[in-house]
Amino acid sequence: MESRTVELWVGVFVALGLAALTFLSVRASNLAEYRDGDAYTVVARFDNVGSLRVRAPVTIAGVRVGRVSAIDFDNERFKAVVKLAITARYNNLPQDTVASIRTAGLIGEQFIGLDPGGAPDTLKNGDEIEITQSALVIEQLIGQFLYGQAGKGNKDGGK
Amino acid sequence: MNNTQDTAAGEPLIQIRGLSFRRGARVIFDRVDLDIPRGRVTAVMGPSGTGKTTLLKLISGVLRPQAGSIKVADQEVTTLSRSSLYALRKQIGMLFQSGALLTDLNVFDNVAYPVREHTNLSPALLRALVLMKLQAVGLRGARDLMASELSGGMARRVALARAIALDPMLILYDEPFTGQDPISMGILTRLISALNKALGLTSLVVSHDIDETCRIADYAYVIAGGKVIGHGKPQDLLASQEPLVHQFLSGEADGPVRFHYPAVDYRDDLLVQAP
Amino acid sequence: MSGPLQGLGARTLEGLARLGRAGLFLPRLLAAVPAQFLTPRRLARQVFSVGVLSLVIILVSGLFVGMVLGLQGYNTLVDFGSETSLGSVVSLSLVRELGPVLSALLFAGRAGSALTAEIGLMKATEQLSALEMMAVDPFRRVLAPRWLAGFISLPLLAAVFSAVGILGGYLVGVKLLGLDPAPYWSHMESGVDFFDDIMNGVIKSVVFGAVVTWVAVFEGYDAVPTAEGVGRATTRTVVTASLAVLGADFLLTAMMFGEH
């Protein structure tokens, strides 16, 4: 085969491969989420993080504004320490914003939802979110429900 | 061992002393001594399987012997480093049994290959050189044919042109006459001696074709059973009375190399009752 | 009773010896790789015969595998009412596993066996010896360009396989089974992580490319220089390379997707 033709086909092949890679990266993955640009970090402590993972989304009003950058353990206060990386654009979150661990759907992956408060000061890099709501643990829910039912039963039965 | 050839130019080009080579349990060479004189065509003959091709590989350093010394142009081949070995090989041309041309190249590029690899000649000089080599073997007009399109005889001639491309001091021929028709054989024979004379080469021909080899060789060795069983000028060897040399050179069916593969007694074998 | 055991022992020893030779072969091969970039034309020719000529089988197989994933995925998900996540199921299966592994297996069969046969034939016709005698390093001229071509080609082929597979899943899910196109892509975009899934898949196909081509080139170089020997070497390439891919896949998957 002519050298020219060979080189042409090799060029086409490599271009096709790179195009496939680009397609996969851009259209078929969450690459967009990584192009957040600058981000600042705030900390939130939880009693229970459930199945929250690093790189889980951080949302306000359902819109993604950042991601979980680290999950550590505080050995003194025995709480989970979660670092949130929030895109620099969203820099006017009030100091009394609440961070809750929520579940996408009923059995989906867990993420952090922020509910802004009304305080005048805003969260800066390194600040801590004071008010947090831990993940719901199914066993505790069931336990509460059962004891709740039992209590009602006692009240009725003990009459 | 001493040289008995007349007026060879000084020291022999290849001096082998005490060569011992084993492949697994088989002894191929057992303390063999050989001298290949400069500027002459020397033949090494012997029955199939005596390791004649192995000898060429030992001389060119592809294989290392268990014991012995092989000196080519005063260099001890058995202890050369890879780079020194490569440097030596540039001065040795080898003609393989099948030609061994590179099948993805045409005739011109095959002959030009060693020149391109090891020299920096301009394209014009390269072309002239290649054409001269092809002319010497009579295939200048075939320069554009693909290597895979050549007949066996033509392929060997192109391989010969490639072997002399860098004007080596030594050419090794591995069974050049095997499987050739009479015309090709005649051409090849003539080329080997003509080139040897014209270019002042030393040629070492390894073969089991007695007639052709004796026609062109100035000196010959006969190797069998891992040892040199005879050496001398071809006409002296042909007249030799030594049994193994005689059987080999006259092509007798039976002699020291037996016709019958070892078996039990014939009569007993036939008369065995079937169970 | 000693017969079969002896045979097994002999074959094991032979296999170990071959593994040792392959190990000694690798550094010589890799040492000759950098020089390949000085001869881009020869490299391009090898990429053509190894990569471009494998495109058709990769495209067709990728399409079919993607379509089957679409069908099977839909059938399973619809029972849970989650058929809208078909996009992420198809693309995760392809990008993490099926793309790199299946294209490596196909590559071993098509390009790997061709490489072994070609190199084995060169050995049998004494071309490799002729190169040595002309003081040309056969590793530089014959073996390294073919290895590098395979190493470059397989990741590209794996990406094409996955991409075409995703399109195949789309064809089946959206065009054939009537799913909404938007959730197919949006679930995929949120469900597939660039680093965890795509990059890991790329890493896998790079490793596979190195291993499969190493096996193919080595078996050709090591083949017994007869017609029968070349044939056996070719078979060994396909078997060994396939097993190596599956074994490496297990190791890589365990390392990459182990902790969660």
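Letters A, B and C name the chains as they come in the text, with residue numbers starting at 1 for each one.
As a convention for this text, contacts are C-beta pairs under 8 Å (C-beta built on N, C-alpha and C of every residue); 3 or more make two chains touch, one makes a residue touch a chain.
All values derive from a computational prediction rather than experimental measurement.
The most central chain, judged by the distance from its Cα centroid to the centroid of all protein Cα atoms shown, is C. Centroid distances from chain B, each centroid being the mean of CA atoms, peak for A.
Here the CA centre of chain A is 36 Å from the CA centre of chain C. Per-chain CA centroids place chain B at a distance of 43 Å from chain C. The distance from the centre of chain A to the centre of chain B, with each centre set as the mean of the Cα atoms, comes to 77 Å. Listing the residues of chain C that touch chain B in their complex gives 122, 125-127, 129-136. The part of chain A that touches chain C in the complex is made up of residues 1, 3, 6-7, 9-10, 12-14, 16-21, 23-25, 27-32, 34, 53, 55.
On the chain C side of its complex with chain A, the touching residues are 41, 44-45, 47-48, 51-52, 55, 91, 95, 153, 155-157, 159-160, 162-164, 166, 185, 188-195, 197-198, 202, 260. Only residues 60, 62, 86-87, 89-90, 92-94, 96-98, 100-103, 113-114, 117-118, 159, 162 of chain B touch chain C when the two sit together in their complex.
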